[in-house]
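Paired with chain B in one complex and with chain C in the other, chain A is shared by the two complexes that follow.
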Partner chain A sequence: MVFLKRQFPVILAFVFGMLLWLQYYVPSKASNSMLESFSSSWLITLAGCALILGVFSAVFHHVEKVKARRAGFGYSLITLVCFGITFTCGFILPLIGRIAPGSGIEPIPTQPDTPFDWIFNNVQVPLDSTVFSLLAFFVASAAFRAFRARSMEATVLLLAACIMMLGRVAFGEMIGTQTLNLSDAAEWILNNPSTGAQRGILFGIYLSQVALALRIIFGIEKTYLGGGS
Partner chain B sequence: MARECPAETEIYSGRQRSAAAAKCAFSRPRKTLRSFPALKLPLCLLLAALLLAPGLAKAHFLPPRSENIEAQKRAEERGIPVPTELEVFDRPNDDGSSVLLSFEVPTADEDTAVMAQASVDKVWQDCAEKPVLLSELPRHIDEPRYYSGEELSPEHAQQYSLTVDSVMLPGEDGALALQPLETGRTYSFRLMLYKNGGDPAAGRIAFLAGDAAPLEQWFNTAFLNQVLMALVFTMIMMGAIFAARQNPNLFIRRIAGLEAVDEAIGRATEMGRPVMQVNGLDPLTSASTVAAVNILGRIARRIASYDSTLMVPCVDPVVMTVSQETVKQAYAEAGRPDAYRSDSVFFVTDQQFSYVASVCGFMMRDRPAAIVYLGAFYAESLLLAETGAGTGAIQIAGTDSQHQLPFFVVSCDYTLIGEELYAASAYLSREPMLLGSLKGLDIAKAIVMLLILLGTIMATAGQDILTRWFTPL
Partner chain C sequence: MSWEIIGIWVATLLTFGIASFLYKDNPVYKIAEHIYLGVALGYGLTIYFWDSIKPNAIDKVLPSDGSAPEYLVWIPIVLGLFILLRVIPSLAWLSRWSFAVYIGGNMGILVPSVIANLLMPQLASAMRPLYDTAQPLNAQWGPLIGQAVILIATFATMIYFFFSLEHRGFVGKLSRLGVLFIMISFGAGFGYTVMARMSLLIGRFQFLIIDFFGRALGLRIG
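Coming up: the complex of A and B.
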């Protein structure tokens, strides 16, 4: 049992980690088809099974909340009702349509006039846009907090932000001379200090990703199996 | 077949200079490496790789052909451009599915088009459904996955590269259809040149290119430098890990964000509120999500020992499943398997903004005392972090999504920037082998920085040998 829970996953991680690492350097047909079978068959099958688990997890979570009458259980109730309606429109109705006498075997409909698509286009998409649009207000509140000149660094940040904000609008080109205006200054900040800093961060990230991969492949990092030691 | 490498003299002279420069660059840190004898071998290998790799490159191109004199005369009479340097060869570093026609057309205009033909059973068949405009063809230098840098002289690099991977053959119904070239079979190829955008009525002339067979390769030589670097990096890491086993008292600089994890969990315990961890939006195929799940294991273990509560709303069902197992095992290892609640790690939705709305709702209703954001984030980062800040929770963020870092820096109390996310698991565990891997990472980083510095100096002085070594060979 300990072997299956602790050692076997480490062996699998080593074998498949090494296999996929070596695959990157081998351009042969066998190598490519192996990668394709991993990405198009195994991963999709795993993700499909996990999605069923996910749906059960979400429903179970909200049902528990409603049963226990925990704070905000009304929202869970609405979630469950919406889930039921969407599930019916997206899965049950097409299934009934497929097995109805005389309807013949047809693929699950994807036309834009199905109830499921109506829900997606008229409920899901506008709600998504609404949440996304809140970002503008959060950016303003975050900027207000960040751009207070409390220290030398914060002052530099404030100045850079002002140059960037003015430099990215048409008005910025009118401030300064023809050879050097705020738009050019903003471009310089983006192309030089900002890009330099980002590249530095990226180097660290890429090397760390390689290090993490090595730690997992060689079984040094086992926290994803739980605990660690 | 005769092959030539025009840049050979330049490579050898560059190699000598590179050797001198590399010797100079590594002579200083040798003294500090005495405490890490295991690292000497990988460093020597790196030095050897730097010296040898440029010489390992091979030229792929035949000398220019001097055939097709008749075709050239007819083309000149009909006003059709004439190709030069025409040759055909197996495309290097591929799966044996294609060959390349390489050529230059000095007198081409914007309406010049080309198409390849292959001889199958002594009948010339088209290798495409219609001719392609020359202006739409890539040049060799545009396809670095297959070859570039060392393998190409500047003249070859700028030549057109026409990939041929299929030929018109009669199908079962007798109609001609494109079918893939057979791997290992030798075909004769010729290049058809058209004027007026490929209109056959305007005339076309065929130029013989030669014979070639698509061959399967089992090692991509363009990635040789990557293999060597990966091996050297692996050996440095392993050397540092073994050194750490012998001397476990390694110094790791203090990371404030990770020091604050205990404080945040303690605060949550005192206040009787949960700790929330958000694992980002990427699936488990992303390294940052793997790092986030690793840290979740460490945090869950501490939460279990503090008898606090954990909430992990997930956006990906696979991440949810792995996180559930990780947390469950962490509780068991902390001696509190009974405290594990199966609904502490749960799936919300895989839609980005639906997830944001739901998690923000949890934040406002359940008021977690500490919120940890780890993994890859996109537009939702500020929405989540600002809502969390509004609830008064201690917020710790760690991400490698560099465009989201400023948002987390503004809204969170502590932010792990880039590589700190990947170091967090080792830092929290304090296990010597994991800390050793951090040391190895630091050494590798120092080497990369030295190489960047050296490459910058050499490139400024007009020597691009080191620069070319870090591009596909």
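Coming up: the complex of A and C.
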């Protein structure tokens, strides 16, 4: 039993890792079809089940909160009701044939005049963009406190951010000469020093990704399996 | 009142609900926040099912167009069910098999694809000549300076993250130059992010002015 719980998953990771790695060196039809099948059916199904588990966990958390009448349980009730309505409109109604589910390739929100489409356009989209637009205020206030030109590094950061912000609006084109304005300066910063620094960081990221992948394939890194027995 | 106008009212109330957080954390914001959570959970699950699970798993094992079923796809479906067994503590260990297949397989795909598609093209871009010998040098000063800056920035940034040498003397100076380039990059990234958020904010104001005041309330603006 210990073998099935501890060693077998490591062997599975090794076998699948090596199989899909070596597949790259054999570009035959069968090998490509294996990669295609794994990355479409296998990975998507497994990720989908992980998503279902995550949603179940979130729903269970809120159900428990409502059942125990803990502080703020009313908000949890709102979450559960909204989840139920969205899930019913997007999943259950198409499943029982009340609304055409589509071909399966076309996402549901692209089908107009369905309750799910209404929820998407009038609830999900406004909430999404308002939450992220709020960050503009918080980022600006955080910058006001953090961006003090106390050192050389902070001054450079402040200058680059200011040039980028001013250069991204029409006003930036008015600052400077006809041949060189803030908009051009922002573009130059983005395309040259920023690209160079990003490239230096990316080399490190890519090499670390490969190193981590090798550690996982060869069973050195096992934390993804979780703890316990 | 049409569903369209009701939709505009709902969207407006939710926009104000979320925006009320700028004043302070309050019950209206919390209601909007929990509506967002519930809808996002339902939306994410629904879209993933219709868009990914149905065509890539269910339609393959139970085809409705008369094609032959792909029996191999039962394996990820069973492994997926193992993931769901995490809710039963005595059987939770079975989910390790699923995670091992998912992570192991993904890592196998990742090794060659990161090297061939990400690392190598970046290396190739960094190893370009500073100027083109086929063209006169006078006409290439701009690209030449740009390419030289990229090269110096890349090298200096890498030196900053290279800890096998003590950052003293020339290496120390190069490392400090690397920090400055990183700061320029972070500043540019910060400015870019702020402007993206600003455009979202402008979008919300446009919605309020055009859709809410204009269409729902029938006011003439401008």
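FYI, the second predicted complex is superposed on the first by the 174 of 229 C-alpha atoms of A that agree within 3 Å, B and C clash if a C-alpha of one lies under 4 Å from a C-alpha of the other, contacts with A are read in each partner's own complex, and residues count from 1 in each chain.
The working rule: a contact is a pair of C-beta atoms (placed from the backbone, for glycine too) under 8 Å apart; a residue touches a chain by one contact, two chains touch by 3 or more.
Quantities reported herein were computed from a predicted structural model and do not represent experimental measurements.
One of chain B and chain C touches more residues of chain A, and that partner is C. By the document's definition of touching, of the two partners only chain B reaches A:H61; chain C does not. In the superposed model, A:L190 makes contact with chain C only, not with chain B. By the touch criterion defined above, A:T223 reaches chain B but does not reach chain C. Contacts of A:Q124 after superposition on the shared chain: both chain B and chain C are touched.
Of the two partner chains placed around the shared chain by superposition, chain B and chain C are both touched by A:A47.
On chain A, the surface patch touched by chain B in one complex and by chain C in the other comprises residues 21, 24-25, 43, 46-47, 50-53, 55, 58, 72, 75, 124, 127-128, 131-132, 134-135, 139, 143, 198, 201-204, 207, 209-210, 212-214, 216, 224-226, 228-229. Across the interface of their complex, chain B is touched by residues 21, 24-29, 31-32, 43, 46-47, 50-55, 57-58, 60-61, 64, 71-72, 75, 124, 127-128, 131-132, 134-135, 138-139, 141-143, 145-146, 198, 201-205, 207-216, 218, 220-221, 223-229 of chain A. For chain C in complex with chain A, the touching residues are 3, 6-8, 10-12, 14-15, 18-19, 21-22, 30-57, 59-60, 70, 72-73, 75-77, 79-81, 83-84, 86-87, 92-93, 96-116, 118-119, 122-123, 125-126, 146, 149-158, 160-161, 178-195, 197-198, 200-201, 203-204, 207. Contact residues on chain B toward chain A in their complex (touch as defined above): 93-97, 183, 216-220, 223, 226-227, 230, 233-234, 237-238, 241, 283, 285, 287, 290-291, 293-295, 297-298, 301, 314, 316-318, 320-322, 325-330, 332-334, 343, 346-354, 356-357, 361, 365-366, 379, 382-383, 385-386, 400, 402, 405, 407, 409-411, 417-419, 421-423, 425-426, 429, 431, 433-434, 437-438, 440-441, 444-445, 448.
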